Structure formats: C-alpha cells, structure tokens
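Residue numbering begins at 1 within each chain, and the chains themselves are lettered A, B, C and D in the order written.
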Amino acid sequence: MKWTNESGYPWCRITPAESFFDHVVQHDTRPGNWRWKDVVAGLHKLDEDPRMDSERRYVAIVNDDAGLGETPGIGITPTLFCGCQLIHPGERVTSHRHNSVALYFIVQGTGELEVEGVTERYEPFSIMTCPAWHYHEWRADGDADTLMYVIHDMALHAYTRSLFWEEPKGQENIRHVVKGASHTWTATKPLEQSKTEAAKQMRDQGVPAK
Amino acid sequence: MKWTNESGYPWCRITPAESFFDHVVQHDTRPGNWRWKDVVAGLHKLDEDPRMDSERRYVAIVNDDAGLGETPGIGITPTLFCGCQLIHPGERVTSHRHNSVALYFIVQGTGELEVEGVTERYEPFSIMTCPAWHYHEWRADGDADTLMYVIHDMALHAYTRSLFWEEPKGQENIRHVVKGASHTWTATKPLEQSKTEAAKQMRDQGVPAK
Amino acid sequence: MKWTNESGYPWCRITPAESFFDHVVQHDTRPGNWRWKDVVAGLHKLDEDPRMDSERRYVAIVNDDAGLGETPGIGITPTLFCGCQLIHPGERVTSHRHNSVALYFIVQGTGELEVEGVTERYEPFSIMTCPAWHYHEWRADGDADTLMYVIHDMALHAYTRSLFWEEPKGQENIRHVVKGASHTWTATKPLEQSKTEAAKQMRDQGVPAK
Amino acid sequence: MKWTNESGYPWCRITPAESFFDHVVQHDTRPGNWRWKDVVAGLHKLDEDPRMDSERRYVAIVNDDAGLGETPGIGITPTLFCGCQLIHPGERVTSHRHNSVALYFIVQGTGELEVEGVTERYEPFSIMTCPAWHYHEWRADGDADTLMYVIHDMALHAYTRSLFWEEPKGQENIRHVVKGASHTWTATKPLEQSKTEAAKQMRDQGVPAK
C-alpha cells in the first residue's frame, strides 16, 4: 500500500505507519575482519599505478552490510569511514580540510602532521586526531613508508547530507559534498552533471524516487 | 573495481578509496510538502479499517529522497521519523517506551500525556517531548478527535542499528529493533524468520551482501 | 585520578576507563511541555523590539536537561533545535542556507516558501521540509501573521562541530559555525574574538580545557 | 535574558533565538596526540592493581575539548569513544553486548574473537568490527600480551541518551545507560541513587537544571 500525497510532490509519501515500520527495521550487520596482509596488498596494487600520487594512494575498508536497505555500506560501520593510506618518505599530502573529524592510527613510519600551523611528529602506534574543518598536511620522512589507518565520522555526515570538503585549500574549493559535484574528494575533477542538477530535473518533471 | 578481502569475509571489502568516494556522495534531496487535507485523508482511510486501533491509527510522512543510494528514505529527513496519529475521545495509547526521543505537536484535541507516572494535560498547538526510554501513555478526552504530529530521531537510530523498543510494557518485550524480529513496533507480531537469522545463514554460507 | 599524557597535549588524557565511564553516563532528561500561549507571548515580546526584523523574530524552545554533563541543552532534544517564528504579512525572510535539514510546521498564516528557485504555497497545518544546503526564502501574505514551528537537526551538527551556515546568501558568507565567528546566524555581526582564536591561544599556552 | 515558560516545567525554556544562538556555537576543538609509550604506561599502571581483571584493564583516550560548552569531552571526538585494552595470554573478556558499534585495531598479540557463536582469529594490525547488540568474547593466547585499540560510536549514543549495555550476558542485565544506574559498564555495581531517581526528585520539586 503506497498512498499518494495528492497536493504535494510525488516523492513525499503519506503511508500507513504500521506497514512502513518494516522498512524502518534494518537487516543485521555481519561482523568484519580485514587482515593486514590484504590491506597492504591493496595499497601495493595502487602503488603500481603511476597516476596514484600521495593523496590518492588510499584504500577504503568497507562493510557492505553497514548500509540502508539494499544499498551497501558507505563505511566500515554506519557512522564511520575507515581507510588505509601509504605515503612514501619525502612525499606530502597537501593541506586540505573537511567537517568530518579524523582519527589516525600510525602503523608504520615517521614524519610530521601539521594542523592549522602547528606541527607534531608522528611515530608508530600513536593515535592522533584532526578536528572538523582544520587544515592539515602530512609530510613523511625517515626510511620506512608511512602506513596509517584513518577513521572519520564521514559516513554519518554523508548520510545526513551535511558533509563539507575543501581540497585543495582555497575558498573556491569549499564544497557541500552533495551539491558540489565531483567524482572524488578533490574539487578539480567535476562530474559532467551534478547530482543536484539531476534532482532538479526530476523535481521539474515530478518524478518519484525509485 | 571491487577487490577481494582474501583472508576475511566476502562482505568486507578493501577497495580503492578514490573510486569508492563516488558511492559515499549521496544524491540530493528534494524539498517536501505534505498538506493537511492529505494527511487527514490518510488517517480517515485507516479509521475505516476495524483492525486499526488507537496504537495503529497512524500515518508515516516520508521523503523517498532521504535514504541512502537507491534505497528510499526511512523518514521525513535522514535522521527523523515523522508521523500523524488520530486518537478518538475516550481512547488510550497504552504505556510503551523506545530509546528514540519523541517530540509531539498537538494539532487538535485535548487529553493527558503520562510520562513515568507524572501526568500533564495537552491542548492544541502545545509542543511536548518524551525523553528516551521513558514510559508514556496517551489518553484522549473532550469532544474532538486528537490529531498530533510525532517526530522521533528514529531514522538516525534505525540507520545506526541502535534502536530499542518496548511495547507493550514488560521486560520480556524489550527488543533491539534489528535482532528482535517483528513486523511492527509491538512485540506481539513476530516475523516468520528474523533478519538476524537471515544474516547468520548468509554468514555461514559466505554470501556477500547485494 | 587524572593521568597526564606526558608526551602529548595536556587536554589529551589517558585515564582509567572504568572510572571514566561514570562521566560517559548522562543524567536523565525530564519531559518537556511548552504551551502555545507562552510561545506566542514570547514572540509578541520580541515583536515590540523595533530592532527585531523578520529574520530575528524567533524564539528558541529549549530543554535545559538535553545537554551534556552540567552544560544545559542546546536544543529541545540532544539532536534537535526547535524554534517558533513570527512573520507579518508582506514580510520576507531572505534567502539563506545551512547544512542542517529543516522541518516546518505551519500553525497559522499563508504565503510562499521558495526553495532553490521553485515556489510552493504554504497553509495552516502543512508540514514542509528544506534539504541541507538548499537556499530558501519565506514570503508571508494574506491577512494573518504567519506563525510556524521550525525543527532542525542543528543540535546534532553543533555538537559534532559539522554545522555550516550561509546568511545572507553569498560565497563570502559561507561559515563553519565554530571557526567562523559570529554572535548570531548571520555573518554580519562578528565576535570581537573568535572561539578559534581563543583555542589557538590556549593551544600555544598548553592550557588544559576546564 | 531567560524567559519563563509560565505554564510548563521550569527546565523548559522559551528564549530569544538570536541570543540563544551563541550557546549553540561550540568552542573549537584542539588537535589530539597520544603517544604509544604513554598509553602503555597507563595500562601497566592499571596492571599493578590486583582488582583490575581483563574486563577492566582498559584506558580511555579522551580529548577534553570534544565536549559541549564547559563540559569536557566524553570521548576522543564528539561521536567516538576510544580506549586501549590489555589482555594477558590465557585470559578472556567474557561475553557481553552493547548497541554501540565497535571497531578494533590489534596492535600486538594473537587470540580469538567470538561474535554470536562464530570464532575468528586475530593477529597484529588486523581491523575487526563487532556490530551493534552482538554478543562478543575475547580470548588471548600465544606468548605476547594482547594490546588493542577499541573505537565505539558510544559518545554519540551517550549524548543522545540511546546507549544500551548488557554485561555480563543475561536478560536481567540489559540496561539503558541513563536509567539503569551503574558506576561502570557491568551491571553488578549499582550506584546508591540512580540519575533517574535524581531527575524524578528534581521534577517533583520543580527544580530547573543548572
């Protein structure tokens, strides 16, 4: 049973709550296990690709179950994005910021994390955090590759449509990560058509969501 | 490109973050408009069904766009469930509780809201709230039907798999609303197979999520 | 017992989890009841102040219990801001946007809500929503004052430091509502010193948070 | 200016939104850095206390800035609790569950994690997750101590008053972690007076929150 909202928009439904409740209840999530050798293998595969620089040599660690309905998860848990990044000594990840809060766990390597003009050294097994909307830049040094797990509350903010990103640094690159079209986190690679444009066309045509 | 997590579970992916980011970015949400006459029409349709008692004479007000990926929204916004309830004078909605916080806007009617043993009268255009996990019971009186909008942060808790419900009152009816199977919010109507049982079977068979 | 994080920052604690858990557990929230005549009285008091224009003729509806520890709530529930706004016929609330999602309940009055270039009429008892980061503008008409309840997931975004605001419309007014100092939601009234500047000074001086 | 809600409860305020907005804006969070040698030192200090068994040999890693207003943070970020746990070979952390989702990063050691009847081995640098409300039990083996970082979305659920815990396993130990009083996560150590009882007394006396 799917009722029409006669006077409003077709994607705005008025429906019996009791039968709707079954859609509210989510399927259960299975536990996750990602072994280090598989994470490292993924990073090494990316490292063979010459287009992948220090910003992009990054694997996402995802639980397909942590999504909504039939849509696979957009993170390792419903609220959290988790990734692992490889930075070679001498490389940097240039300054950028986002309104998700980041937590870093250094697995290997040494170097510097600069947050809003203050620099701290990092070393294996340290936990570091970068607050929301703080510019931060990584610089790896020493002899060993830097390998770190990165955890953000980005899945929560992507789901609630509140996520902002600025990369590279620059007022013109501040983007709301729904309306500001881009295939990736850097603002330099726009989509041909933004999701917002698509939504506007759907609205003008009165198309209900799938 | 979808990489295998060789040593772990097949639903646990390790994947290039850059291409994965496109899945993180959600489509835009179109604005919503639900007119009162359509809400009331929905409630009157439910009222004609003799199986619908005061607990179940409830419409959900949903924005299909407020979901994740292709999955339609489970609320009026990504975090909020909104419904409208009709209670006839002399009826009650018996005591129950949930760990979502509820906000009520009374459109019409008078009566009592009892929260954890303390009773307050309600009247048109009042705003009332019921804290998480407080028992509450509605009793309509006067001459007019009670009509009220109900707003919960239930969509957030359903998405994060943290939602709990106890209805009807009774320790044996405390349910985590993922693992405790039920087609509706009352514990008295179990599913034939719970979503948890389904997830266990998938895990034992190593089935990846869709 | 409060341990020093010897090598890190003094506001970064390492502490026994068991005794810390008592700080994690929050006090209970008492139920809320705000009657319409008190809400209207508050709005009329604001209306007598000639400095209060249509943007600012707004009361916040707050539950002091919905905060963290001793800090009073910043909303009507831990996740939700609730306010009530009064707009006289012929007035407008000019275009602005925020990354919190807004839900409107019209109590009285008629007029137009324009969201990203599309205009809908509003009427009493309608529910309307404005998605995150959509420009929107209100224009009241008819004979009666417009009175509406406004509900945002703003308390959640303020707590997680993810809130953005742009008011008035203009790229130069996009503000992260922690780092972009302002006493109010419009960018035109800056604080003498921003909270970010204060935090930087504290960091440079190694001052622990209270 | 603090207005009275004449007809309602004294903790339910109606107040000018513009001046209230200054309370909504949170102070900035300073970045965090917790070095491994300090984390380990904290764990070894706990290990000297014979009352600290495997469940309780746990340090919390906290950023004081990540709270609300003057209240210090209840996690490492506004949404996340982070801890580090030490389990000696041969010890176990017996079965329990919570509706926060847990993410584990194994720094050192080997052993087994059993989640809802299925056992996986763990090894250094693996990432593992335990879904909301799944029973889980740790068993350390091998020669080295197990040291692991544990990250939960517990700070989010504590703030929103949605947190549930069951420890030790047993229907009678299911607790809403606001109303079910306990100084720690195990249900076996009740407070002399629960926060709920305190809130009820305040309500009966009409006491406003501080």
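Observations on the structure shown:
Keep this in mind: a contact is a pair of C-beta atoms (placed from the backbone, for glycine too) under 8 Å apart; a residue touches a chain by one contact, two chains touch by 3 or more.
The structure displayed is predicted, hence computed values, not measured ones.
Homomeric contact subunit B/subunit C is classed as same-residue, with over half of its interface positions used by both copies. Superposing the C-alpha atoms of subunit C onto subunit D requires a rotation of 180 degrees, rounded to the nearest 5.
Over half of the residue-numbered contact pairs at A-D are shared with one candidate from C-D, B-C or A-C, namely B-C. The distance from the centre of subunit A to the centre of subunit B, with each centre set as the mean of the Cα atoms, comes to 27 Å. The distance from the centre of subunit B to the centre of subunit D, each centre being the mean of the chain's C-alpha atoms, comes to 26 Å.
Shared contact sites, meaning residues of subunit C that touch two or more other chains, fall at 28-35, 39, 61, 63, 65, 78-79, 101, 116, 118, 131-132, 153, 156, 160-161, 178-179, 203.
The touch graph of the protein chains shown is complete.
Residues 99-101, 116, 118, 131-133, 153, 156-157, 160-164, 171, 174, 176, 178-179, 200, 203-204 of subunit C are the ones touching subunit A in the complex. By the touch criterion stated above, subunit A contacts subunit D in their complex at residues 28-36, 39, 61, 63, 65, 76-80, 82, 101, 103, 105, 107, 113, 115-116, 118, 120, 122-132, 134, 136, 149, 151, 153, 156. On the side of subunit C, the complex with subunit D involves touching residues 3-9, 11-18, 20-35, 37-39, 41-42, 45-46, 52, 56, 58-65, 67-75, 78-79, 81, 83, 154-156, 158-161, 177-179, 182-185, 195-196, 198-199, 202-203, 208-210.
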